[in-house]
Structure formats: structure tokens, C-alpha cells
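Per-chain residue numbering starts at 1, and chain names A, B, C and D are given in the order in which the chains are listed.
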Amino acid sequence: MALQILIQGFVLSGLYALIAVGFTMIFSVGRVLNLAYGVYIMLGGYIYYAALQEAGLPVFASFILAILAGVTFGLLTYLLLVRRLEDNPIAVEISTLILAVVMQALIVVIFGAAPKTMWPVIRGVLRFEGISVTMNILLATGVSWVVLGSLMAFVRYTHLGRAIRAVSMDRKGAVISGIEPSFISMVTWALSGAFGAIAGVFFATFTQLDSHMWVFPLIISVAVVIVGGIGSIVGSLIAAHIIGFVETITTTIIAAELRGVSTMLLIILVLLIRPKGLFGRAEL
Amino acid sequence: MSIDRETMRYLGWWLAFGVLMCLLPLVVGTGTLRILIFAHFLAMFAMSWDFLSGRTGYISFGHPFLIGIAGYTTAILSFRFGVPIYYSIPAAVVATIVGGTLFFLPALRIRGTYFALVTLAFMEILYQLTKVVAPKITGGTRGMSGLESIVSGAVNNYYMSFGIMFVIGVVLWLLIRTRLGVALSAIRMNEEAVRSTGHSTTKLKLFAFSVSAAVSGVGGAFYVHYIGSIAPRGMFEINFLFTILVAALLGGAETIIGPIMGAYFLTVLLEYLRPVMPGMERYLLYGGIALVLYVVRPAGIYSLIADAGRKVQEWRR
Amino acid sequence: MTATAGPLLEVRDLHMTFGGIRAVQGISFQVAEGETLGLIGPNGAGKTTVFNMIMAELKPTSGEIWFGGENITRVPTHERVKRGIARTYQVPQPFGEMSVGSNIRVGMAPDDIWKLIAVGADPAAEAEIGRSVGFSDEQIDMLPSELAMGDLRRLEMARNVAVSPRLLLLDEVFAGLTLREIGQISELLVEKKRKDGLTYIIVSHDLRALAPLVDRVIVMSFGELIAEGSFDEVVKDEAVRDAYLGQ
Amino acid sequence: MAQLSISGLDVFYGRAQALHGVSLEVEAGRIVAVVGPNGAGKSTLLDSIIGLTRRRGQIQFEGRDIGRMAPARIVRLGIGYAPERGNLFPFMGVKENLLVGAYRKRDAIEENLRTVFDLFPRLEERQNQETATQSGGERQMASLGRALMSSPKLLMVDEPTLGLAPRVCLEIAAVLKDLNERLGLTIVITEQNANFAMSLAQEVYLLETGRIGDRRTPEELRESADIAAAYFGD
């Protein structure tokens, strides 16, 4: 049982970290909460599905298309909506929530209300000490770590990445260093869309595609931000693991139906004890 | 309470609105009345949201949570334990205020953007819990149906729902015209400065919240008895939240009259589009309208009409 | 005006540390009822931090604050206001979507939910307060966004006068004002003091404007008190000159 | 012709006017100080030169009108800025802060890093320490260093001595002098600390309530009663 919790916990946490990172990034750089973030995840899943299972494109091409869709939609959210409301975080919150519901309706109009089952990205099962893990989940965990690792390298070792962190820490300091914050915002929204789409492809293979699937990842992202604080990527990673393990332990030891409830209670607890999050500091 | 001339004039308008709506069943059929009944309930929820969020700027994404507490309380009491609805409905309202306060009070300590997220999380908790905790009582995922109705027939229900909405509307409207209303708006604009003028903002926010919860409680309790069933889906759902939010924002937050207008507009639009757009297209359409209107005109329909009225007056002069 | 034995406000050994930075290190001073105290010092000396602590917007790391003979160190902001302390901000903080009159209304409102509902607003009294700080009747209906900087400072004054304070903390009241506006605000301060017996603590970098108003001046530098005395004494003080002009 | 010339500069914050028709000239290779009490508009002046405010009037740098340019372009033209209190990136190490400063000048990073570390050996010792945990003096050095990373021709420093102990002020003064003499950098500083400014600069402007006086030498200014009047009203 302990081994099972360990494996499941890591697998789930990896996925949660991947889901949350795009959301956290927007919050760190622009100090706004993008409630349409879940839509990038849904869009990633649906576009991948349409390309692979309806248009018959190869896996790789479908994946690229999904990412492009995420990037495009992320950019559009920023350019058409958020940029006009940027000095009012509450307006951003409300309008992105409305946008999410609009997109949910659009998905139903295009793909219908019935849930769709996605093929796993790769097939096969790995058995180990009486525990079986699908190759698909292992791949997802692997991709998650690779993506997060590349992101960390990107923000640490490239000029553009450092500029993103600079804007998130001190906007004036960044501007007088010659950085254009609006360009940085566009880059982060595009990246956020890409991360959402990648996470969405895997998330959808674990559950299924339906027009409500954007809510749960959004709640997870929110939970990661609240638990981790407006945090460093490392802070978000740790927060994702706390949430992932708490959930795994609750569902395997107490009751499977309580999935989600433990996360909510964790959010409330953290907000009451440390409203700035466990690792709260203004950094990406 | 001193009532000035302007208040009297507006009360006249309220009265005219009331009389007009009371005469409506003489003219229109029961189909239209049934649509309007939904508008009335939506208006109650939107006003409740507006009184808390529109006024104080503490955006609640958890109003379905409040409505749900009320709905479940009266449904369980009357359906499972045979409590007469004369008792179960007041009990539901009390439960909403107490239960809501228990959850929201800690959240009211949290500033700005986080408040909305925490209330959203509450809604999700209740959704999960009703499915798994004591399903024998709550009915689990399927909920309960066959709840006792208060009055029967479209006309009676129309008058009842309109009456409740009208009373709530007038009371809330009078409330926001007092100095309390001014103080609550001031919280939205600058909470710090309200404190430094000698107010306990905690007390003010708690009051606004209790009123909002009471209104949601009344609305929620009557609503479930009207539709005769309750289930976690449809209740604790973002689509429901979305409808409330859009009604309040479309009409124009912070006005009480706005949310009523928004609720009528939304329900009627939704119904008249039904033949043309049978499914989710309607959400797509009015979500789109709401989005554009919100970005272009955050103050809502009410402000458009108010502006138009002002222009007409200027023109007549 | 109630006569109190001893000082109206007394600050005892206040300390404030942010992270590792000691913003205020052991400040003590007193203000007598009816006195006008100037609080000056170079940029970053910790003057506003002292105001924030007197208003309970910041919790001091250590030290005590006494008002009217009572230890108020643990009393929250709105209770301090009720006891008679009010302040203005360096950057005026009006309620942006409300008219001047409504801004004053918030200040006049009692901290009691039922009275807020039952007792109607008194536009005449609001207008009276507005006029007393120099607003024209027309301006009472204006929005803050339509006002000039000097008028915004008046509005802050008006909202503070509305809470009927005994002690008023004025933070950089002359900043961003034209010479004419400075004259008007000064006159207003003198007038209010004459009529209502107000006590002031004024923070200002505009010493020329401050000089005629103050009875006594205290000087802060690097979070410490470096001088105290009449205006003329203080500005001739070697340590003060060094603090401002550098050595 | 002057390297930097400003004429009739008006700056507003909302309805409040922070600068009133400010004009000044800075010749290449000089150290110029703008002196004045708190709130006179010193930071606003430098913010306006680098393009951070809504401004009206003429600002020319090396003959080009920069009065409407965005900060990024102005930085690229060769103006470096160390603002009041630094505006450093608190959770980055010193070296990373410096690298951000090189955002617009990536072909001379090694060279510029060497220059900065030679000027401030202490920064090299602590290059990986987060600036959030550093002393005021070290932060001031890091801020100057970051400005130097874009290879500026003109360096603007806002209140270099703010909150610093006298010993550290002397250190900063020595570095600024060195930059000016050895590397030929034009330097504009603003100071409340008038004596510091007059000991360092060759030319001084007195800024008072958003208005600026004529260019003077430190001696002229010291002999006039204007400074004391500006500060103490006597």
C-alpha cells in the first residue's frame, strides 16, 4: 500500500504541477488570475482528439496542433480581454470566468455534449511488485518533468526567461533595464496556453473529454497557487506534490469519493493560517 | 427612516412596476408566466449577489453554495422528516445565514481576488460532499424529487414569486439608499479609508453578507419547492453561478434594479431563442453578449438606460 | 473639548522593523492638547511609519501609544478614530466613485449598523462641513476625479473633520500643491484649530509652509529622533542641517 | 552641443503637476547634480528622462528627440538609470540582476561584468546572494552595476546616498568619480544631501517644488543663500 501511494502520489503530483504551472506563471507576472486557464487544457484535449481520432493525423502532428491552439487562444485572451482590464484584477477574474463558460458552450456546439474517450498517447502497462501503472501515465509524468525542467532552465539561463522573472519581481526595475512588459506579457500568455494544452492532452487521456473538464484543473491550479503562494516554480512544484499526495492518501485510505474535498480543506486551512501561501514570495 | 422626495418618486416607479406585473396574467398565457417565474427567482439570486459583491467589491463565486444550503435544508426537513414547509423554509433561511457565515467569515479576512476563489472552492466542496456524505438523506448524486409545492398553478406561482421578489427588491433598494449603502460602497472603493473614518469594516461586511445570505436563503428555499426537486448537478455548478453573475452584471451591478432587469432580459432572451437555438448555442450567444458588454460597458444595461434617459431629458430642455 | 491632565498623545519608545530593516528605532514624544507639532526629517526617515503606527495601520515591533491617558497600543484603527485620532494620507485616498458630499457622508456615519439604516443622511450638515473646508456648493456634487490636487487635500480634511477628531495627523498636506493652494490649506488649518481646538501633528517637507503653523518641531533621521524644539531652533541645529544637507 | 538637453518639461500625475517647465543641459563627460529637498520632483525628473512618465516638452539625447520614446529604446540609445532604492529583483542573485541589466546589450556581457566587479569587489564576492537579503550599500552598488551593464554613455543615479551610512556614501562617491574620470561617463545625480552633491559634481541645478533654477558651479551655489532657503525656508 505504501509503495502504491508513493507511485500514485508522484504520478498525480507531476500531472498537477504541469497543470498548474501555466496558471501560476500568469499570476506571477501579471498579478491576475486567469479563470479561463482551464479552457486551454480543454482545448488542448479536444484539438488533439480532433486531429488524431477524427482527422487521422499522426500523434506528433496532433500534439503540435494542440499546442498551437493553446498558444493562439492564450494570446487572444490576453490581447482581446485582459489587456483592456489589466489594472482591475477583479474585472479580469469575472471576464475570464465568463469567457470560460462561453468556450464550454462552444465546445458543446462543435463536438456535442456527449463525453469522448481518448486513446492513450502510448499503450501498454508496466507491472511492478503487484502494482500496475500504464505506460501512458508514466509518459505523462516524464513529459511533465521534462517540460518543467526546461521551463526552469529557460527562466534561469536565458535572457528572455530572466526578463520574465524580472518583470514578476519589479516592474520598474525591468523597464529601466530595457525590457518591454507588454512583450513579456504576450510571451507568458503564449507559454501559459502551451502548457495548458500539453497538460490537457494527458489529462484528457486519464479521464475523458467533456465540456466540463476545465473546472477541475482550474481548481487544482488555484489550489497550487494558494498553497504555494505567488511562488517560485519550485514552490509550485512542492505545492503540487503536497496536494497530489494529500489527495492520493485520502482516496486510497479513506474513501475514493472524497477526491477533491481534501484539496478544498487544504486550501481553506492554508488561507486561514498563512494567507500568503506556504512559500509565498513575489517571484516566478 | 426619513424618506425624501426623490425616494418617494422612485417608490412611485416601483409601485407602477408592481401594478403592471400584477396585471400581466390577465394578458399573457401560462407559458409566458412560467418563464417569468424563473426570471423572478433568478432576480432574487442576482440581487443577493449584487448586495454583497456589487456593493462591497467582495466578489462571490459561491452563491450557489448559499442557495444550495437553503435548498437542501428545506428539502431534507420536509421530504425526509415530514416537517411542514412553514417551518422548513424559515429554518432553511436561518441555516443559510449561519452556515454561510461559518464558511465565509474566515474568507472575508482575505482580500480581493482570493475571496472569489475561496468561495468557488466552497461551492465545489459542497458539490462533492452532497454526493458522498449520507446519500440516504441527501439523495446522493440523484438528489430528491417530488418535493411538496407551496401553491399550484402557473398564475399562483407567478404571483408568489413576483411578490417575494418585489418585497426583497424594495427592501434591498431602500437599504442601499441609506447611509449603510454608502458605507458599503465605500468599502469597495477603499477599505482602508473606511476603517480610518471610524468604521469596523468587519461588522459592515458581515452585515452585507448576512443580508445577502438571507436573500439567497429565501430564494433558494422557495425555488426548490417550486421546481419540486434538488440535485447537486444543476445546483453547485459553474453554469448556475454564471447565470447569476451575468444577470447581475448585464443589468448593472450595484443598483438592485439592474439585476432585476438583467434577470428578465436573460430569461426572456433564453426562452425566445429556444426555438432557434435549442442547445448550448444560447449560452454561447449570451455569454458572448455579456462578455462584450462587460468589457465595453462594465456598468451594464441599467447605465445604458439611465444615460439614455438623461439624454432625453437634456434634449427636452 | 475635554481637558486632560498630561499629554493628549504620548508615544513611548516605538520600534518598527521590516524584515531586517529598522525603520523606526525608539521614538518617544508627546503632544499636548491644542498644540501643533511638526514632524520633519529627510526622505526615508520613518515619519509616515510613525503615523501608520499611531493609526494602528502598522503594529509596532515594540513600544506603547497612549491617547488621552489611555494605553491604546492594542486598540484597532476604527476604535482609535472613535477616540478622536484621524489622519490624512500623502496620496489622497478619496472614495473615487462618490461625490464630495457622499465622501463626507461616510465620515459622518456612525459605527452602528442600525443607526446607519435608521438615521437618514443630513445633506445640509455635509454641505456645511464641505463649506467649512472651503468647497463651493457646486463642488459638493463633484466627483474626486474632477477635483484639483488642492481640493483633494481639502476633501481629506473634510472627511477627517466629519469624524470630529481631537488629534489630526497630516501627512505631507502641502505636497503637489500650488503656492496659492498651500496658503489656502494653511489658513484652513489655522481656522479649524481656532474654532475646534484641534491638535495637529504635521509631516511636511515644505518647511517654509510648515514654519508659521507649528508650536514645536521634532526631527527624525534614520528612524531616530535627532532634535526637538521651536522651528527656529531646530533648523539652526547642526545635526538637523547635516541630516538634510549632508556632511 | 550638450549631450542631454531638456527644455520646458512638464509632468503631471493625474491632475497634480509635478514638474513645471524644467530645462537643463548636460555636457558630455561632466558630473551634474540636481539638488533639492524631498518632494521637489527629483525622481520624477529622472523617471521622465528614461520615459516612465507622461511628459510634455523637449528632451534631446545626442541630438535625438527622446521625449516620446519608450524606455526600452532610450536605454538602447545609451542612458543607464539607477533609481531611488534600486528597484532590484529581490529573489535573484547579484549576478542575475546584473545580467538582466544586459538585456539590451548582450555582446559585451563579460567585459561589463568585469568592469562592475572591479568597481565593487564586494559584489563579486556575493554574486549569488539574493539582493533581498543584502545591506542598503550593497543594493546601491548592485543597482549602479545593473545600470552599467547596458554600456551607457550617460548614467543617471537617483539619490545615491539615501539611507546610507557616511562611510558608504564616500565609497559610492569614489566610484562615481572613477567612472567619470576613467571611463568618461557622463553622470547625472539627484541629491537631497546637498553637500555630497556639491563635493562630487562640477555643475549643480537647484530643484524646488517642481521648478528648476539656473546651472551653477558648486561654489556659486554654496555662496548663495538659495540652498538653505530651499530646504529651511530661511
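Here, a contact is a pair of C-beta atoms (placed from the backbone, for glycine too) under 8 Å apart; a residue touches a chain by one contact, two chains touch by 3 or more.
Source: prediction; values computed, not measured.
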item	value
Shortest walk length in steps over touching chains, chain A through to chain C	2
Interface with more contacting C-beta pairs, comparing A-B to A-D	A-B
Centroid-based (C-alpha) most distant chain relative to chain B	D
Chain C-chain D separation of Cα centroids, rounded to whole Å	33
Inter-centroid spacing, chain C versus chain B (mean Cα positions, whole Å)	42
Multi-partner residues of chain C (at least 2 other chains)	none
Residue list for chain B, restricted to those that touch at least two other chains	none
Touch relationships between chains, expressed as pairs	A-B, A-D, B-C, C-D
Contact footprint of chain D on chain C as seen in their complex	19-21, 42-44, 147-149, 152, 172, 175-176, 205-211, 222, 235, 244-247
Complex contact set, residues of chain D against chain A	50, 52, 70-72, 75-76, 81, 83, 86-92, 96, 99-104, 106, 146-147, 150
Residues on chain B engaged by chain C in the complex (per definition of touch)	1-2, 4, 175, 178-180, 182-183, 185-186, 189-190, 192-201, 203-204, 207
Chain C-touching residues of chain D, taken from the complex the two chains share	13-18, 37-39, 132-133, 136, 159, 161-163, 166, 169, 191-197, 209, 227, 231-234
Interfacial residue positions of chain A with respect to chain D in the complex	159, 162-163, 165-166, 169-170, 172-180, 232, 281-283
